[in-house]
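Below: one structure, written as structure tokens.
A, B, C and D label the chains in the order they appear, each numbered from 1.
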Amino acid sequence: MNFASDNTAGVAAPILEAIAEASADFAGSYGGDRWTAALSARMAEVFEADVAVFPVVSGTAANILSMAAIARPWSGILCSHDAHIMTDECGGAEMLTGGAKLYGIDGRNAKIDVDVLSRRLETWPGGVPHHVQPAAISITQASEYGAVWTPEEVGAIGAVVRRHGLRLHMDGARFANAVAALGCAPADVTWRAGVDILSFGATKNGAMAAEAVIVFDRALADSLPFLRMRTGHLLSKSRFLAAQLLAYLDGGLWLELARHANRMAARLAAAIEATPAARLAAPVEANEVFAYLSASTDRALKAAGCAYHHWTSGIPDAANPPREGEVLCRFVASFQTSDAEVGRFAEIVGAG
Amino acid sequence: MNFASDNTAGVAAPILEAIAEASADFAGSYGGDRWTAALSARMAEVFEADVAVFPVVSGTAANILSMAAIARPWSGILCSHDAHIMTDECGGAEMLTGGAKLYGIDGRNAKIDVDVLSRRLETWPGGVPHHVQPAAISITQASEYGAVWTPEEVGAIGAVVRRHGLRLHMDGARFANAVAALGCAPADVTWRAGVDILSFGATKNGAMAAEAVIVFDRALADSLPFLRMRTGHLLSKSRFLAAQLLAYLDGGLWLELARHANRMAARLAAAIEATPAARLAAPVEANEVFAYLSASTDRALKAAGCAYHHWTSGIPDAANPPREGEVLCRFVASFQTSDAEVGRFAEIVGAG
Amino acid sequence: MNFASDNTAGVAAPILEAIAEASADFAGSYGGDRWTAALSARMAEVFEADVAVFPVVSGTAANILSMAAIARPWSGILCSHDAHIMTDECGGAEMLTGGAKLYGIDGRNAKIDVDVLSRRLETWPGGVPHHVQPAAISITQASEYGAVWTPEEVGAIGAVVRRHGLRLHMDGARFANAVAALGCAPADVTWRAGVDILSFGATKNGAMAAEAVIVFDRALADSLPFLRMRTGHLLSKSRFLAAQLLAYLDGGLWLELARHANRMAARLAAAIEATPAARLAAPVEANEVFAYLSASTDRALKAAGCAYHHWTSGIPDAANPPREGEVLCRFVASFQTSDAEVGRFAEIVGAG
Amino acid sequence: MNFASDNTAGVAAPILEAIAEASADFAGSYGGDRWTAALSARMAEVFEADVAVFPVVSGTAANILSMAAIARPWSGILCSHDAHIMTDECGGAEMLTGGAKLYGIDGRNAKIDVDVLSRRLETWPGGVPHHVQPAAISITQASEYGAVWTPEEVGAIGAVVRRHGLRLHMDGARFANAVAALGCAPADVTWRAGVDILSFGATKNGAMAAEAVIVFDRALADSLPFLRMRTGHLLSKSRFLAAQLLAYLDGGLWLELARHANRMAARLAAAIEATPAARLAAPVEANEVFAYLSASTDRALKAAGCAYHHWTSGIPDAANPPREGEVLCRFVASFQTSDAEVGRFAEIVGAG
């Protein structure tokens, strides 16, 4: 039972095979290969748009490159207090932008509240040089607390962003899980709703190390080749990045893997809801489960060797705080999570 | 015939297998896995020292992290005019150090001349705040023009570096080729000769995307976990980086692959020396061959589909310039270069 | 009636005279002059310590240099939500540190609460590379809401800072007003209480453009000559900076000017307390007055040509919010504020 | 006899008076004052153009702000090997641009050679992400070796700059001396010849600490208010910066002071040319004199207490190297240099 994170999983078999196949012969380096070319075409189909695609090896890489593409050193970037770029990337966005400032915006389940955002922007002292100037909004899909943004919700943020002449970034570390949950077209929840640039994640959902910056507004792409190179994120054997992503997209593998993870998470959630010894701390909309556990249930799971995290850096929703004796825990399901594992979990929790 | 670069090759079979094997089960993320732990122990053996090891995906990543570990924003870094960090990493060192300045030092075949270096440091206006202050020297092993630094030569640089209280970095993008050529212990040409920090390359010699920053003076390692994270170079599924490097080192694979590449380069060189239609532009000491070709030989090779680069960014040695009608070309052999390819090259050149 | 800010005042006469006198002859440039040498000695007397002194032209310059001296690019700097470095310097600290992150800490009247600070540091995931690491605390004396830190209060912060191995910076833009209010030795409220580095302000209190970074722990001073030069803050005719500061300190002028400003602020406060048409929003401890005004009083003052700011970026104390119809306003007294102006203000407010 | 630098002089009397006058009353801070407004209008007249004006306290400040306005982090900036931004600002341009790279271009007397520049740009691998991309050219007027760029010469550089879509910066630390020498309109040697942005110097020519970034292409001015603020270069009492510059321009004072300095330099040069014991190392076109002195003349001047620099960081012109026994020296005349001082110099040199 390993629910510690979706990045504790291995690599999906078709992706491993694609890596091996791509190795057979010589190929152009630094992106001058046929896999990279095919990936751009493939992403254009997936997103129904003439996107610019920059494959990289990590979500942090995709995020900091995106931030540097849309913000200047004196920019403000507004995001959730719990956004990965805010809390978990060791100031990478601040570094690569040359000193931009991240501002936390309130909201539930790590989704920023559109009204809070709107008020903040309306009262910003725009143009006054004493103050950092708002340039970008970043939202995470699915959010750090497992919530999924609907096309309508993204569109509402997008409308505010446009009104203020800003740019909208989506951190899609779990983009596949969100799209699988929504059942919508990838375009619906990105550029059609106002997203300018996307960190398209694959690693958490079955790739080895592969993400991509997807740029919907090509005017934003000019700086990215240079930013990627100077951060060491243009791989010499780029074909292996592209090959992973092609296999990931091929035949809808990405959504298939994500649907499995989501299903496993739903079963974990159902087990939690079925027992008085635990309760959900946030709605389970993708592949993450945040739950308050009784101390005894927590002990029982740990004793059974179940891997998961005690969550101490915050709670999903201020309106739903822990009660006396409860422990906030995070469980993440992945493409590799098995029915057996989830069944075992349900048993322990049911007995907890 | 593909001699365009050693990074146009694929992945050595044992490394591909190691990747597949590492994927079998769940494992701790962000370096909390058994491969990463084993790699540190293995590198300590290879280098006969208590090294700190930071695996990353690219040579540029290793170099910029190394630079940021040993230089401050107002530092000067001295290296060859032709150093990769100087010419090919799009200012990555400048970026991650916060604005350090790279100074080119003369020398032959992209090796800096120890006397030129020494004079430069002796006349530096040390401590004067108008001027950037020297902090680090970087040399490349094998050099960008295919020259190998002997332990004695590195030691001579190391002595100058110590005398001035600076730090010595080695860009070992082709470290295996150099060590294979020298037949020495890795320690002899690194820390025993005064190297403080090494960019240990594997990608050009058979890995998919794997290099490592090797820190010999652990005092320099404190900043690296944070620098690696914020540049997006700490992989969530780190085990796959470590697995590549373990397989690379296992049973001396790295030196075996490098010896093959060097041998192929030597045969290319022999073919060039055997014909009046071409001549070497630099000694061939590792796996790179720089040669002046007659126009007709160049045409014949291109016509035969041979892949290699016309080299326009400089010449290896000012004392050996091109003659009328000659074209400077670079040929690189890799672990994947075949005897058949080299034989075909020799035929064409012989007839050229 | 100009209470808009203490920096709307001119220059105190003795300081103007000192500038003129310093101009008489040739003098060494870039700090190689007798005024600069004398200033270091004079500051050592004022602070009863072997301080390193770096004169600069602005408080923002002093603050960003201080931040860069004590923080690294991956550092966290903790300060009040209302700190000048947080809100009013356009991200200067983020820029010069290479991307450090500022964290707001709760407290009243822009003073950080020592218990909140302590808890925050105790729960910081220290050493985890995902997270920015705390390096420095910055407090402002007098605070942005006009509160004065006593030696005991600074000492309490200093103790927390030491316990966690951090550094303590004091933004002393209104240091003179605070020291004048406290009647203590400058050392008591700085290094004796744990302050490592001080932005010593003079501009708001009668200088033309003169502040100084005062470094109590000389180990922190090594980088400052270079940081000052590369930010354009080492003046060629440095003598004029030093001359201003010498005149400012001479015969206790600085405290005399500050006492006057404080006295004028106290009279403004008294006038406010004497009328039902206004009330203080924060205790008046130095030369700033934050007050809630009735709409009619506000109109009357504006109509009389009184210059002051409507304060919209926050309130001093969450426990003391505005009531219906009240306007939060800031009035600042300076060395140039006259009894007549204050009298006129009292009249209008009294009638308000 | 102080010829050490033009920044060892004091402040011209009318400028001192203007500072004192500006102090009389309250005034808006951070540039919201009538002096700053008047300065913009005045500079528009001087340059016959709708310029944007950003007063700052130092030449390094003006230069680094200019560089950051026209270059991106991955930009190359081309300038003389001897340019102040290259050698004397401790990497300020690298810092504020976020890691741009400066490239030295050959030329005589610290003027870059237009043909060398042109060839360099024509062979630049444009758009290749491995390589920093050229963005800006910077020339110094008068040059670091005292040479003056004519409108035609600037225009030739400007044409190359336009052809390659780059920007042209002029470091005008001694702009007044150059314009006085040329007798042309300031516009002729700036925007009419293709200059986009100018560091307009005043400090070396009689101001206390006052320079200005003059932006001819207003599209380049957008970032400057924020860059100036975050580097600590927006003064709260900005009126004193503007007042200095207004007095400097008023009634042509700036050119009058510069003409005097140039005249004094010409007399120094004449004295040198009249003696066999010394010879000019570079043409004297503004207020700097570079000369090769015999050892005995050097000793005689030093013995007489004459202040000047032995110049060890280079020579003006490779075609005119020092002869056996000669010492390269720099003498700078300023507005404060007296006929008596120059006469005494001539006497000693004549007897040398």
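One rule holds for everything that comes next: a residue touches a chain if its C-beta (ideal position, glycine included) is under 8 Å from a C-beta of that chain, and two chains touch if they have at least 3 such contacts.
For each chain, UniProt lists the protein as follows: A, B, C, D = L-threonine aldolase.
All figures in this text were calculated on a predicted structure; none of them were measured in a lab.
Graph distance from chain A (L-threonine aldolase) to chain D (L-threonine aldolase), where chains that touch are one step apart, equals 1. Chains touching both chain C (L-threonine aldolase) and chain D (L-threonine aldolase): A, B.
Ranking all chains by how far their C-alpha centres lie from the centre of chain C (L-threonine aldolase), first place goes to B. The interface holding more C-beta pairs in contact, when B-C is weighed against A-B, is A-B. Chain A (L-threonine aldolase) and chain C (L-threonine aldolase), compared by their mean Cα positions, are separated by 42 Å.
For this pair, chain B (L-threonine aldolase) with chain C (L-threonine aldolase), the centres built from the Cα atoms lie 51 Å apart. In this assembly, the C-alpha centroid of chain A (L-threonine aldolase) lies 35 Å from the C-alpha centroid of chain B (L-threonine aldolase). Looking at chain D (L-threonine aldolase), residues 30, 73-74, 89-91, 95-96, 98-99, 129-130, 226, 229-230, 234 sit in touch with two or more other chains.
Against chain C (L-threonine aldolase), in their complex, chain A (L-threonine aldolase) makes its touches with residues 73-74, 87-91, 94-102, 123, 125, 129-132, 312-313. Interface of chain B (L-threonine aldolase) with chain A (L-threonine aldolase) (complex): residues 2, 4-5, 7-11, 16, 19-20, 22-30, 56-65, 89-92, 95-96, 203-204, 208-209, 226, 229-237, 240-241, 307, 336. For chain A (L-threonine aldolase) in complex with chain D (L-threonine aldolase), the touching residues are 30, 72-74, 98-99, 129-130, 133, 223, 225-230, 234.
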